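Chain lettering (A, B, C, D, E and F) follows the sequence in which the chains are written, and residue indices restart at 1 in each chain.
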Amino acid sequence: MPDDSRKLVTIVTEAALEHEVCGELEDLGAAGYTVSNARGKGSRGVRDAGWSSSSNVRIEVICGDDVANRIEQHLRRKYYDHYAMIIFESDVRVFRPDKFF
Amino acid sequence: MDPVVWFFALGLAAGLAKSDLRMPPAIYDLLSMVLLLTIGLKGGVELARAPLAGLIPQVIAVLAMGFVLPFLLFPAARLFGRVSRADAASLAAHYGSVSVATFAVGVAFLVDRNVAYDSQLPLFLVLLEVPAIVVGILLARRVAAAQRWGKLLHEIFLGKSIVLLVGGLLIGWLAGPDGISSLEPFFFDLFKGVLALFLLEMGLIAATQAKALRDNGVFLVLFGVLVPLPMATIGALVGWMIGLSPGGTTLLAVLAGSASYIAAPAAIRVAVPEANPTLSLTASLGVTFPFNIFFGIPAYFKIAGLLHGGGG
Amino acid sequence: MDPVVWFFALGLAAGLAKSDLRMPPAIYDLLSMVLLLTIGLKGGVELARAPLAGLIPQVIAVLAMGFVLPFLLFPAARLFGRVSRADAASLAAHYGSVSVATFAVGVAFLVDRNVAYDSQLPLFLVLLEVPAIVVGILLARRVAAAQRWGKLLHEIFLGKSIVLLVGGLLIGWLAGPDGISSLEPFFFDLFKGVLALFLLEMGLIAATQAKALRDNGVFLVLFGVLVPLPMATIGALVGWMIGLSPGGTTLLAVLAGSASYIAAPAAIRVAVPEANPTLSLTASLGVTFPFNIFFGIPAYFKIAGLLHGGGG
Amino acid sequence: MPDDSRKLVTIVTEAALEHEVCGELEDLGAAGYTVSNARGKGSRGVRDAGWSSSSNVRIEVICGDDVANRIEQHLRRKYYDHYAMIIFESDVRVFRPDKFF
Amino acid sequence: MDPVVWFFALGLAAGLAKSDLRMPPAIYDLLSMVLLLTIGLKGGVELARAPLAGLIPQVIAVLAMGFVLPFLLFPAARLFGRVSRADAASLAAHYGSVSVATFAVGVAFLVDRNVAYDSQLPLFLVLLEVPAIVVGILLARRVAAAQRWGKLLHEIFLGKSIVLLVGGLLIGWLAGPDGISSLEPFFFDLFKGVLALFLLEMGLIAATQAKALRDNGVFLVLFGVLVPLPMATIGALVGWMIGLSPGGTTLLAVLAGSASYIAAPAAIRVAVPEANPTLSLTASLGVTFPFNIFFGIPAYFKIAGLLHGGGG
Amino acid sequence: MPDDSRKLVTIVTEAALEHEVCGELEDLGAAGYTVSNARGKGSRGVRDAGWSSSSNVRIEVICGDDVANRIEQHLRRKYYDHYAMIIFESDVRVFRPDKFF
């Protein structure tokens, strides 16, 4: 069944961007998203949940290939240079495919 | 020394020694909410008690100071620290704006010495939070990105700290001394204890800046230690000129000499992304905040005393 | 106006203006735990002070009221709002049950006016929480799904709010006025402050209901505003008939006129999944709760005064 | 090595269902599960962690194909119509395969 | 019975009845931080009030007791419970170390009865936390893994509880009775209320140990109930010999008779991974803690009274 | 594009090990990691977030095959016998591959 396969795009970034990024995800065509709090370490150093402005969020979007591409292009262009952010993508199978574009 | 500042020292020591002591973010949020509401309520009650005739000129003077300070700070950072335009603008925004925690320690300092302060100071705290951030952004980008200003101002003005301070002011003012009395055990009697826990966490956070401090070397320490005194002196002069009491003059000096570590970092991060956030935060939180609570506040109190013709 | 309700207004305004002010869920949990325990403890201590002879008939009358109210609410919602059977049953459960926060504001209202209230009121609060939920579920499904009743009743009776209220009642009653005295600074003196913070969060939550309010139009507002007064009048009449004091009569009216937004939503969500949870919650939290704390409680106090032959 | 491949079934749903769903996962044969708090937006609107009854949980189960199918069938039948819920599945490789059915 | 222990019973009952009552981890952290700081501050203030000449020999005696107790506990667990070497060592570490919550209930018990206690007790609490853990680790592995000792000791000494206790002691001692007075409403007046909430959560946690209790059968209950009394008696004897007051003797008995459920589990988990963590935690938290707060503390108070020649 | 594919290694384990494990991940060559709080159930029983020492963390590392193997070997050897821990691995596609080894 090829029509129930989607992309899972996961974004780990600064908590301060949650509101902005989630709004943009919708504009780019995502039917929904899931957010959880996270902390971590990367090229921009330790980001620890001790203080909200220095912690991370982990945002997941399930969507089709097109939307996934658009999201990745947009985030990369807008945020990658100046913000702590990683994006990765994997293949998932969904149930009730009509819920996801 | 007021025992609350020892809680900062305890947090700092624990953090530097890599203790596993940590305060959950939810508790940090609770403590800062209570502090902001308390400061607002206190100010509102005082305003209700003695409504002020000559408030308008004072407000104008304080706002003017808020807009002018970053224009002094920006070239200082550029010349002195040779940092990029964006970083200098960011430092100007942080140091031109104010720190609520430093203000709270200043209040505690005065209360301990039974020194009264003018009721409009919490209002000035609110007034001084925003202008420097706006000027800092302008200095960084020369009015570019005008399309985002609406969103940005919304974020600054409706940020948690202004909402709670203004909300507290209004509620205190509406309720007056009698109406507020049943809230006193929570908001007023616990004030010092809440501040102590908050400072403990501030110490833990400041300790996390230690690495950045080592990396960015001497500049941050010098900037963070040398800038507050002249700024605070300007604040004290303004306070004295607009007719504040010695206590009020001290607190306006504290405001001018303190650096924001909540509102400014959040706004600058979004509006001036090319500024290095660690630089300003480390100077503000890792250097200037401890400097102020240990040495600055007593010094500004002395300065205010001198201006008012006393010995401090 | 009691200053605590201004905190609700502050939260509501901040939420509607899309401020980033937010209370961490853990703090909401702490505040609600403390409120529930405080109400329970207060009631328990009072019960210990003046053990009641005629409690049994009062309990029966209050329970009866709890079972009858949803039978009035269900047809009203069906006819008046033309909502589905499930939604009408859900509204009946929410409005037949009670709101602890409204009760707490009512208590604060009376305390401010030095009006005493009967010690069994917290007990009535507990008694009124469950029956309407059970009736609501029955109205929705006509006793179907009988196999799940055990689990459901377990969830309702061992829900957080009943456990803490009953636990507080028992501890207060066992400890008595003397035993409890060392707990007073925490549970009693801080009551208004804790309530203020809690209402701030309630305002923030109510603001999130605004969109649903716009979408579901007039019905929710009318239902949420028009239902409390007749319900509260019934409550006041019952209170008057079973011999409560004017303060107690006021609080029983408050209970009858308030709508649950914790126990009922949780139980109905599981037991009547086809009911739209937004509908009941918006009416209860977004309309009736603010209506009651701003207008309802003073009105119910008047009604109780009239019944007791005074001018309110 | 085909025998160390499993399914990772991820369920995002209303926090109020955590207890019930987790119990059912075990009944359906899952050897374990992992839960974390989340917030998000989907077809049933914004679900934000501000108030526990309106927030989400994110439940992960690692299991074999059979169990995965049973879980998905069951949850879809029981909850999809009336509750905020999404389910997605991906392929993972596990270590110590004996721990997962 | 002190009403605070009823909160433990309430939590235990709610947990066993599978109520959905739960305290967020952040709140647990806040409460335990406040308790630890309060105990430290209280001790520090007292130390400042009456600086102690003969403290050194007392410290040596208490430390010696801390090192000796686990050597009694280890063979007892081995012979009596036939548990593995690692498990016996773990039990020795848990029971040789101390429980802050039990100590806090003991303090509340004395305060209720207006019994004074020596100011150095909080210091002894700190002193007794570590030695048994070190001995327990040695008993488990015979000095192996020496390369990790540095890290391990760092973790134990800079664990949250020691940092907050010692920090509180120092701040209280530096500030003295006058300096601390503005912190009293928060740290001292709320003490019993904070303890009550904390015990509620302890009850909920203890309830989660019930399954382990059923599985591991009789041994855990017997160990958890029979060990405290002889240990506490040793503590009382030491207290009496080093010249503590009856109140101080009681508290040293409480310390000796209590079992750690924070510092020891964390350290042993890392240092002795092959020990079953459920075993020690269930005994300590599920059996000994409730035993001590309900029965142990009154008994140890009696023992101290007998030693001091009174009737208790 | 084969060079933007990486492994996502997910570790669910006792919260008490977070500090230690994260340090080791770096030593083993991970360029970063992301941590979030979790609770769950597995062969070692229920681990619930009610009390921090009995809750879990969920650690994610994106890395190349070699580092993934090294991480898995190391964790399995050091922790699997005595600690609650699961590890699973999946294939992801990353953006800005230079950030991940």
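As a convention for this text, contacts are C-beta pairs under 8 Å (C-beta built on N, C-alpha and C of every residue); 3 or more make two chains touch, one makes a residue touch a chain.
This one's a predicted model, so the numbers in the text were calculated from it and none came from an experiment.
Undergrad: Count how many hops through touching chains it takes, at the least, to reach chain C starting from chain A.
TA: Graph distance in the chain contact network comes out at 2.
Undergrad: So which chain is the furthest away from chain A, centre to centre on CA atoms?
TA: Most remote chain from chain A, centroid-wise, comes out as E.
Undergrad: As a test of understanding: of all chains, whose mean C-alpha position lies farthest from that of chain F?
TA: C
Undergrad: Taking each chain's centre as its mean C-alpha position, how far apart are chain A and chain B in Å?
TA: Roughly 34 Å, centre to centre.
Undergrad: Need the CA-centroid distance for the pair chain A / chain D, whole Å please.
TA: Taking the average C-alpha coordinate of chain A and of chain D, the gap between them is 20 Å.
Undergrad: For chain A and chain E, what's the span in angstrom between their mean Cα positions?
TA: Spacing between the chain centres: roughly 46 Å.
Undergrad: Where the centres are mean C-alpha positions, what is the separation of chain B from chain E, in Å?
TA: 41
Undergrad: Would you pick out the residues of chain E that each touch at least 2 other chains?
TA: Counting only residues that touch two or more other chains, chain E contributes 20, 22-27, 29-30, 185, 190.
Undergrad: Scan chain A for residues touching two or more other chains and write them down.
TA: In chain A, the residues touching two or more other chains are 36-37, 90.
Undergrad: Which chains touch, pair by pair?
TA: Between chains, contact exists in these pairs: A-B, A-D, A-F, B-C, B-E, C-D, C-E, D-F, E-F.
Undergrad: Could you list, by residue number, the parts of chain C that touch chain B in their complex?
TA: 1-4, 6-7, 10, 13-14, 17-27, 30, 108, 111-112, 185, 189-190, 192-194, 196-197
Undergrad: Under the stated contact criterion, what part of chain E meets chain B in this complex?
TA: 24-27, 29-30, 33-34, 154-155, 158-160, 163-164, 167, 170-171, 174-175, 179-180, 182-183, 185-187, 190
Undergrad: Mind pulling up the chain B residues that touch chain A in the complex?
TA: Its residues touching chain A are 22-23, 25, 28-29, 204-205, 208, 262, 265-266, 269-270, 273-274, 278.
Undergrad: Would you tell me which residues of chain A are touching chain D in their complex?
TA: Touch list, chain A to chain D: 6, 8, 22, 26, 31-37, 62, 90-96, 99.
Undergrad: Quick one: which bits of chain A touch chain B in the complex? Just the residue numbers, please.
TA: Listed in rising order, the residues of chain A that touch chain B are 14, 16, 20, 45-46, 48-55, 81-83.
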